[in-house]
Amino acid sequence: MSKPWAAFIVVLSFALVGAGCSESSAEAGATHRIVITGSSTLAPMIAEIAKRFERDHDGVRIDVQAGGSTRGITDVRSGLADIGMVSRQLGAEERAALHSHPIAIDGICLITHRDNPVAAPTHDQIIAIYSGRVTNWQSLGAPPRPITVVNKAQGRSTLEVFLKHFALRSDQIQASVIIGGNQQAIKTVAGNPGAIGYVSVGSAQYAAEQGTPIKLLPMGGVPASVRAVAEGDYPLSRTLIVVTAHPSTGWTERLIDYAQSPRVHDLISEHYFVPITD
Amino acid sequence: MSRSRTDRWLLVGLRASGAVTGAVVLLVIAFLLIESWPASRHVGLSRWITDPSWYPTSSAADGRFNLVPMLWGTLAAAGIAVALATPLALLSAVFCRFYAPPTIARFYRRMIQLLAGIPSVVYGLWGLTALVPLIQHFRPPGTSLLAGAAVLTLMILPTIALLADAALANVPGDHLRAAAAAGLSRPGTIRGVVFPAARAGIFTGILLGTGRAIGETMAVLMVCGNIVQTPTSLFDPIRTLTANIALEMAYAMGDHRSALFVSGLALMAIVIALVAMADRIGRGYAYA
Amino acid sequence: MHDQAISWHAAWPAPRLSARRNPDRFIAITAWLGAIAVTTVFFWIVVDLIRLGGAQLTPAFITNAPTSAGRAGGIGSVLVSTALILGVCLAVSAPLGIATAILLAEFTREGNRYCTAIRRSLDTLAGVPSIVFGLFGYAFFCVYLRMGFSILSGGLTLACMVLPILTRTAEQGLRSVPDEYRYAAAAVGMTRTQTLRQLLLPAAMPGLVAGVVLGVGRALAETAALLYTSGYADRMPSSLADSGRSLSIHIYDLAMNVPGGEPNAYATALVLVGLLIAINATAVWLGERWTHRKLSTA
């Protein structure tokens, strides 16, 4: 047998053995795996909680993936995920089929670029901007610049909460950019001085304090901040929950109890959400 | 012919592998059909083009499922890209074969090969950070049909240029010497002798490039802005069929999810038709 | 690509008549301008890649795990996931593709119906857009076979995707082996298995390896097919059942979803493009070796 042929066989068998090994190690290892998918608002915080949980408990591995609240619900129902992260209210049918566990409270706020001089657009102005009746910042007393309306993709829970608050219908919105998660919205607004978007107060405040050039606009006269959300003054807030398909047991139950316990309140606050204390 | 026993086993093994390989495409098509069945049944045939807009929901009754604006988005981006890339690619090939000094031609060809090897996500990254801010400077929001078409142009230019270059290289030297002997000028030879002889190869390249432009996902997803609308200007943000799948697959449920498989099936049909056409022309060319 | 030794400039040594010089000059100028434009854009991209990513590219970047959603840290775990995805992809596609190539090239006559069917289905598969592979992989591997978002799902999806190019290149490699080999083997009474193992496969090796290398290149560059199959998790995978993020998805995520993620996105892109250039160079080198062999034995 010639040399290159032998070398090829060796490489191939390595690949096969490698694949086989890692597969068997997955079966042999006693680690329990918990898959969590869903809301991109919750994902970064849950990932941190999961890391701490793994550190405190041996034999468990937690995979957290963002994909939107509805994805979390779908995955839990299809069995792809053990826990779904949800940042909107459950529908009646979903409430009947799933078990929900509140984790934290979050607000939704409008953001613009830091250099945008418009300080506090009114409720009606925001509706006018989002429904395409106002298309230039000049109409709001700022230097002329076309408004880039950043909207969330269909099915995103922040979109639903936002629409409900402003009594808008999805098809009334005249957007210039459609984005997926919170981070993408922040990134888009930070990169465009004429943009306006809406995101989780927690994500926005976190990004702003990290130096991202965005500005949080007040809502109904209340400045958008985690404190306002915590004190209950802020008009646009929602409860962040996780859902399971069955009454949780074993590792899943322990993880959810852990996430609801005061042991993770510092992590929740670190992500600019409001822990639930009662 | 007598065969040893190992030979028989070998043949059985090879046949089995061949069967698996051949079955993959059937499996792909079968799963696309199964997954798209609920939406095709609930939405029907006409609503994909007559619904007022694209607001899919998990049950077909409440949602709106008009795919046409995204089809226009796809066709506009791909069309502009092909229209821009084809002349540039042909010029590149002619440059390499007839006008550039050999050293420069070799360097240029290597460069085109490198361009062909850059993955689409890197083109997307570059488009997003270099092109979009540039366009945004003139006409916000910057994420637009123009950005998408520009990135696609760059992506398919190497495909067309390399295939055209190979086609020009395959024109028999005798043709050229005969043309020169007959006193034809260089442009006359290129137009009258070389291009007709290389026509099939060039068309193959253009068709494959078109297929690539229509099927491309990542780069357009990153630079086009993803608004569902029929573009009326180059600066309008658009959403293509491919980007729609990548964007909404994350949270689509029920008929919405199924609708995405329908658009996947449609895309696959378009691209396969193009590739089959390219293959037919290309084969005729190879035997000519 | 054909780097032809004959220069066709030689075909037009004498200056043209003045009436005919103008169109020639016009095309010459346009061709040069076009080439310069393409070159300019090429360098624009390359310079951006190096300028924006070069500074981050340190040995620590290659080995460290990503932190703060990839903004900081390196790409260690991402590289491991990428390698595992490629490993799964190759472990499945290489044996299947090469076996099919042997079947097509050595064991069937032109026009055999079984063979034509396989060939036709491979051609069709070659035309499927990558996002459609993603849809299929998600529906089949992740949901139907219950593999979830895992390296296994991603690798298998890519295996389906690279089968056509791998099989085609390997088949061409086998076909380029001169028939004299086969006649000689038959004359000395070798069985077909022996002929294959001792003569044909070694002779066609550069072609087979080139096929595998091209497949790896295609898989490495892929993003859309992996978005909904291998998933996003950027942690060090502990088994093939874990979700793992490939280099390409890492770039996408940093560019789209992480404010301040560009520098690391560019650095990752630099690594990815570097790997791809190395892979393509290998394929070209193998292809040249294979052509030489073909010429020297013909």
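Going in written order, the chains are labelled A, B and C, and every chain counts its residues from 1.
Just so it is clear, contacts are C-beta pairs under 8 Å (C-beta built on N, C-alpha and C of every residue); 3 or more make two chains touch, one makes a residue touch a chain.
For clarity, every value in this text was computed on a predicted model and none was experimentally measured.
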Chain contact graph, described as a line, ring, star, complete graph or other shape: complete
Dominant interface by contact count, named by its two chains: B-C
Mean-CA-position distance for chain C and chain A (Å): 35
Chain centre separation in whole Å, for chain C relative to chain B (CA means): 16
Separation of chain A from chain B, taking each centre as the mean of its C-alpha atoms, in whole Å: 34
Shared interface positions of chain C, touching two or more other chains: 95, 256
Chain B: positions in contact with at least two other chains: 250
Residue list for chain A, restricted to those that touch at least two other chains: 180
Chain A-facing residues of chain C, complex: 69, 84, 87-88, 90-91, 94-95, 142-143, 146, 148-149, 152, 197-198, 201-202, 205-206, 208-209, 231-233, 235, 238-243, 256-261
Residues of chain B touching chain C in the complex: 3-4, 6-7, 10-11, 13-15, 17-28, 31-32, 34-35, 87-88, 91-92, 94-95, 97-100, 102, 106, 108-109, 111-115, 117-126, 128-130, 154, 157, 162, 165-166, 169-170, 173, 176-177, 179-180, 185-190, 211, 214-218, 222, 242, 245-246, 249-250, 260-261, 264-265, 267-268, 271-272, 274-276, 279
Complex contacts: residues of chain C adjacent to chain B: 1-4, 6-9, 11-12, 16, 20, 23-24, 26-28, 30-32, 34-35, 37-39, 41-42, 44-45, 48-49, 52, 95-97, 99-100, 102-104, 107, 114-115, 117-118, 121-136, 138-140, 144, 160, 163, 167, 191-193, 196, 217, 220-224, 227-228, 248-249, 251-252, 255-256, 262, 265-266, 269, 272-273, 276-277, 280, 284
Chain B to chain A touching residues, read off their complex: 52-53, 55-56, 64, 133, 136, 140-143, 225-228, 237, 239, 247-248, 250-253, 256
Chain B-facing residues of chain A, complex: 67-71, 73-74, 145-146, 148, 153-156, 170-171, 175-180, 191-192, 194-195
